[in-house]
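Order of writing sets the labels: A, B, C and D. Residues in every chain begin at 1.
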Amino acid sequence: MPIRFFTAGESHGPGLTAILEGMPAGLPLTGEGINRDLRRRQKGYGSGGRMQIEKDGIVITSGLMNGKTTGAPIALHVQNRDFKSWKERDITPITTPRPGHADLTGAVKYGYRELRLSLERASARETTMRVAIGAICKTYLRQFGISIDGYVAQLGDIVADLADMPLDERIARNEDNDVRCPDPVAAEKMHAAIRQVKIDKDTLGGIFEVVARGVPPGLGSHVHYDRKLDGRLVGAMVSIQAMKGAEIGSGFENAGKRGSQVHDEIVIDAGGKLSRATNRAGGLEGGISTGEPIIVRVAMKPISTMLRGAGSVDLATGKPNPTVYERSDFCALPRAVPVGEAMMAIVLADALLEKLGGDSLEEMRPRFAALRRNRLEDLPMDNMPWRFGYEV
Amino acid sequence: MPIRFFTAGESHGPGLTAILEGMPAGLPLTGEGINRDLRRRQKGYGSGGRMQIEKDGIVITSGLMNGKTTGAPIALHVQNRDFKSWKERDITPITTPRPGHADLTGAVKYGYRELRLSLERASARETTMRVAIGAICKTYLRQFGISIDGYVAQLGDIVADLADMPLDERIARNEDNDVRCPDPVAAEKMHAAIRQVKIDKDTLGGIFEVVARGVPPGLGSHVHYDRKLDGRLVGAMVSIQAMKGAEIGSGFENAGKRGSQVHDEIVIDAGGKLSRATNRAGGLEGGISTGEPIIVRVAMKPISTMLRGAGSVDLATGKPNPTVYERSDFCALPRAVPVGEAMMAIVLADALLEKLGGDSLEEMRPRFAALRRNRLEDLPMDNMPWRFGYEV
Amino acid sequence: MPIRFFTAGESHGPGLTAILEGMPAGLPLTGEGINRDLRRRQKGYGSGGRMQIEKDGIVITSGLMNGKTTGAPIALHVQNRDFKSWKERDITPITTPRPGHADLTGAVKYGYRELRLSLERASARETTMRVAIGAICKTYLRQFGISIDGYVAQLGDIVADLADMPLDERIARNEDNDVRCPDPVAAEKMHAAIRQVKIDKDTLGGIFEVVARGVPPGLGSHVHYDRKLDGRLVGAMVSIQAMKGAEIGSGFENAGKRGSQVHDEIVIDAGGKLSRATNRAGGLEGGISTGEPIIVRVAMKPISTMLRGAGSVDLATGKPNPTVYERSDFCALPRAVPVGEAMMAIVLADALLEKLGGDSLEEMRPRFAALRRNRLEDLPMDNMPWRFGYEV
Amino acid sequence: MPIRFFTAGESHGPGLTAILEGMPAGLPLTGEGINRDLRRRQKGYGSGGRMQIEKDGIVITSGLMNGKTTGAPIALHVQNRDFKSWKERDITPITTPRPGHADLTGAVKYGYRELRLSLERASARETTMRVAIGAICKTYLRQFGISIDGYVAQLGDIVADLADMPLDERIARNEDNDVRCPDPVAAEKMHAAIRQVKIDKDTLGGIFEVVARGVPPGLGSHVHYDRKLDGRLVGAMVSIQAMKGAEIGSGFENAGKRGSQVHDEIVIDAGGKLSRATNRAGGLEGGISTGEPIIVRVAMKPISTMLRGAGSVDLATGKPNPTVYERSDFCALPRAVPVGEAMMAIVLADALLEKLGGDSLEEMRPRFAALRRNRLEDLPMDNMPWRFGYEV
């Protein structure tokens, strides 16, 4: 896997850090593209008060010279502006774990009773750095005409009506409203639903979709389980805080259909170009990209921190004690969309780098141009009588 | 990741091979446990003719002495009994790719026109070795009282009624019928549905569930994206041939609910034991096992190879040409259940080995016994006034 | 491999960053231990002017709360104090590559002509962060009574006379002088040799030794090539800038001897404790620690940047042009010692974490106490008649 | 790392297995090239009796169709012909560990008293599969004009006089005699020395050199410690059984010299081709290949199993007991040469695959042809005024 990265940092600590190793040299990179996605991650109806405090801005201290990557590891930093106030005031220990969060599981695993020791790291604040890294990967992919975008498809029980809306339109409209839903009618209902859970001091989740357009065929591989692009994408999505499931295209819905309704007919045009009449496979067959848009749908659970409280136990006393919070998000789904985009960008940049190899953008350009592209003429004729193995 | 493995082998080649690296020494292991799961993988209504030919039996040539593992890599072999006949007859080249399979994507990626070069490896025959490796991991887990089982929850559009059936009962009944569905009424309908698609020369998929019972709390971690157990489990499942989605518990359904309906209240009993009133989280919070059963649901698409054929193109001529097959499965869902179990067993054995460390079963036993188990008294009190980092 | 880390940062850029993933929770950690090793890395006769400018101090922004690690990734930062001046003045491009450095190889690999794009990262300034990470690993190892130390054994052609000096004494004296050589007579000659190469505008290298004491038997493994501790140690050493070779114990010298002169007799004392009469193996047999001190010797080439210049070519003009430098180190060997210590600490902490498993220091302590320690009674009797494999 | 492999198998078990993952499609491969190196590994003066018994022959059961690789994992098998006799006779337990071998360290690590449980795997018999995998990597490298060869440079205390013999000649003569030493005078002395240790029931080691010719510049990288080609090569060498040290070029000798005597002047010819006047760097600078031959020297200790016996302890009784053997090698150095070649071939094939990327030989050929080759004109002019990072 050519791309490797670590993120570090706690939610209320001094700041967040990430190192991205494996980006080729020569990629033009400013912080603005990154900051745009950082801002998208901080914007979305349903957030609590913190998003007013933090205005994330990226600082890059290595791997970038003269506005281009050098091939060296890229160090990224985002300050927690909130930290100053935390540094000075007295902090009350937190000992009542929230159901649904890593509070209790983290405490049991690592041996804490003060839950802040796990919750500070488990917080979705960490996704800031995934978005930053993802933005660099998007910049890389964009050099080859590949774009990654996402939108909300369902919020709580409100399902957007997207069946007849082409992908391009969904994407064009994904920033039209503060719930990131391309269906304006559904968007209004979603907005109202969030308003209501605020009143009810409850929370909501939902489903978002991320789409990659312009991906060449041939990324990923069928030859070994850990090289399959579908497993890698789905695993990356569910590694995001609060995500509980993911599917390629309409994986779960298609499971209820017949083969004849699901598989995408292969067609050829006059120029010898092979393509699909439909894209029910969501852009992947056999763990390999087909050349059609890659679509992943991700299920997010409702936020664990609920102002109404939840039944729990105070670990300091061993007595039942409901969780109590004063400030929290009510629905983070719209803000999760850029995080999902980031994870897809990282996985696809990784897969593209495997396919292209090399160390600089300049070295990769002719290689990309020469990729086989579902054209019959690209495929060598190799029909000799065949046999397996050696000496068997 | 302590456990590493490779599988190798083609569907009609001389045989299948796997190497499993990272198993501790001293694990009692015979081939019978493996063969039991291999047979389960070969049994299930909806299979085509091949399952009559192959009766898989494992051969272990290394890493095992005196009936116990030695800590050395374990080499596993399964012969393809079918191979003899393939060796002698003349093989017709296959040049019309099946929609839904890796035929075309593999050909484009690797530069073939003879599709056998990709389809032989992309075949689900490969899962034989995953099942074998998974059976060893199950044996390891069983030493610590952890069991892994699965069953069919939906086949085509027939949904089993499992809401009121306890997990233990679902598992007790999962081999009651040839569709591996614990709901006998649904099972009958599923059987009939497969019979009908056979007549229609079409195919079916569905949804299965895999459950791990007895898992201690604290496997996986929230601290880094690639250590989260939910992402690892879901990624492993979707790496299986034909799987298009996976969720922890009822991830997609819960995405439509409110937080107050989804999160699992934490309760404490008189002995200071913490547990959950419900298990909607599917056994994982913050990417860490809670100690409740881990439940993963997996969506399988209908089989790609359809006797009725599918629209495609003959790569030899460039002309439209429907796929033509004489022999194929109609529904492989029941047989996919042990494959899903295997992948879960591998991921959980890996996570348990991370938690326990060490090199032999004997070394691990007291470590397992000393694991923190959601008991208040296991958690050290550590509530000193706190601060972040150093010199910030 | 439980421990993973990345370093980032350029020699004259704004600063250095590292992230260390995999440290258990509960390790008491202040920056002072790290700073002590950072200062050791900056001190040693033979340095050029820069060491006067930089006084490295560590900042830790994550993974550390209340003075203890939390189990989360640890982000480390060192500012380049020099950066301010670099930010403002006009930088002359460097286009004449230095023989021996990554100047030309980096330029060819990544496609640069401005050599600063590779030399800034290739600089040994990067080892600052290895030393910082290594200091954390030393702190971890020290919890279990394991210590790592190093000293200079040869500088240029001056060989220290250490044959009769016990390891403990070599280590006790390793900071006695500014060339880090425990033999005071040799140390004086080494000092003089450096003084002379300064006059001659030339450079010197040499050989240092790193020793780990208190390592329990059983780290590493013979079962697979990439788990062998000797290969891992030697590979880590030669990954340090300017290192061209490494050996376990006196590997090269022993290659010229007979087996009867090299192998270490196994003896047993009255208490059933097995040990070795000698330690010519350097603490490793079969890629596994024996329980004796682990000794690695590392060969460092003379510094590539020479004030006298070296024959080269100006890439801007294509004309022969000697390299020209105004400021440089003359001999970095004494300062390389703590870097070697750091790499050994990282490899051994990794191997110990594999052996112990778990997530917190508290969890690991009883496991360490229970390790088998070359005592006969720890080894189970298991002499049943034996056979290989299954069904073979 | 594109190339991954596992080996499995015990010395006297039924056979050896390996799986190689990551080879591109389209590589012409027969077993003969592999068998040639397997035979070289079995031939060499100084072996004991076993080499008369085993005549290794490779069987390939997957990843190979029509005599070409398919891109799928390659499964390799070598039968242990000796096994049949072992299967039937009664085996005496071995309880007296040999100094120098993994007998005792393995027993302590894994918890055995019957030493066969570790020594069967620790045996150099395992290197058979490294040689097989290395032979495939050599075949891959040869497609691009890269060759890997080795020879003995020192055996016991007899040092071959190679200073004035060009590399090509050393390689041309490396199979001239049964000690694999290109210097015929030294070869005769080496032969005699082995004859003498046979009489003395003692053993010998020595130093061999492995050389890669035709390697393009730009493999490996300076940007991160684990991507440096020198560390990877040296680590791979010392992962071989009985190897205790390794150096790039004359690393240890050069450590005693001045910079002006060590570094290789850069020169340019009329055609703009940059090269080195000498190759003291052994083909690597900054962890990157220079384009000159890569030379690694490896120190092998004398064989641990000595007919004369060595002081040890019987673990069954706890009494001092010398090791007793009836059959053993006296000097395995000549036979270690092809093992060293194999490890270098694996590391370099891996590094070349990183550089080239892609999935088939056909895809890689134009990429290889376009590599930058130390020509001035290949390096883009990029001398703009420069700055570090973003927003710093």
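Keep in mind that, in the parts below, contacts are C-beta pairs under 8 Å (C-beta built on N, C-alpha and C of every residue); 3 or more make two chains touch, one makes a residue touch a chain.
What you see is a predicted model, and the numbers here were worked out from it, not measured in a lab.
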Inset, instruction - Any chance you could check whether B-C or C-D wins on number of contacting C-beta pairs? - result: C-D
Inset, instruction - Considering only mean CA positions as chain centres, point out the chain farthest from subunit C. - result: B
Inset, instruction - Indicate the whole-number Å distance between the mean C-alpha point of subunit C and the mean C-alpha point of subunit D. - result: 24
Legend entry - Whole-Å gap separating subunit B and subunit D, where each centre is the average of the chain's CA atoms: 38
Legend entry - subunit B and subunit C, separation of their C-alpha mean positions in angstrom: 42
Inset, instruction - Return the residues of subunit D touching two or more other chains; collapse runs of consecutive numbers into ranges. - result: 6-7, 10, 13-14, 21, 61-62, 65, 71-73, 109, 111-112, 116-118, 121, 218, 221, 223-224, 359, 362-363, 372, 380, 382, 385-389, 392
Legend entry - In the complex, subunit D residues that touch subunit A: 2, 21, 29-31, 57-62, 64-66, 71-73, 218, 221, 223-224, 353-359, 362-363, 366-367, 370, 372, 380, 382, 384-392
Legend entry - subunit D-facing residues of subunit B, complex: 4, 6-10, 13-19, 21, 25-26, 61-63, 65, 70-75, 77, 109-112, 116-118, 120-121, 359-360, 362-363
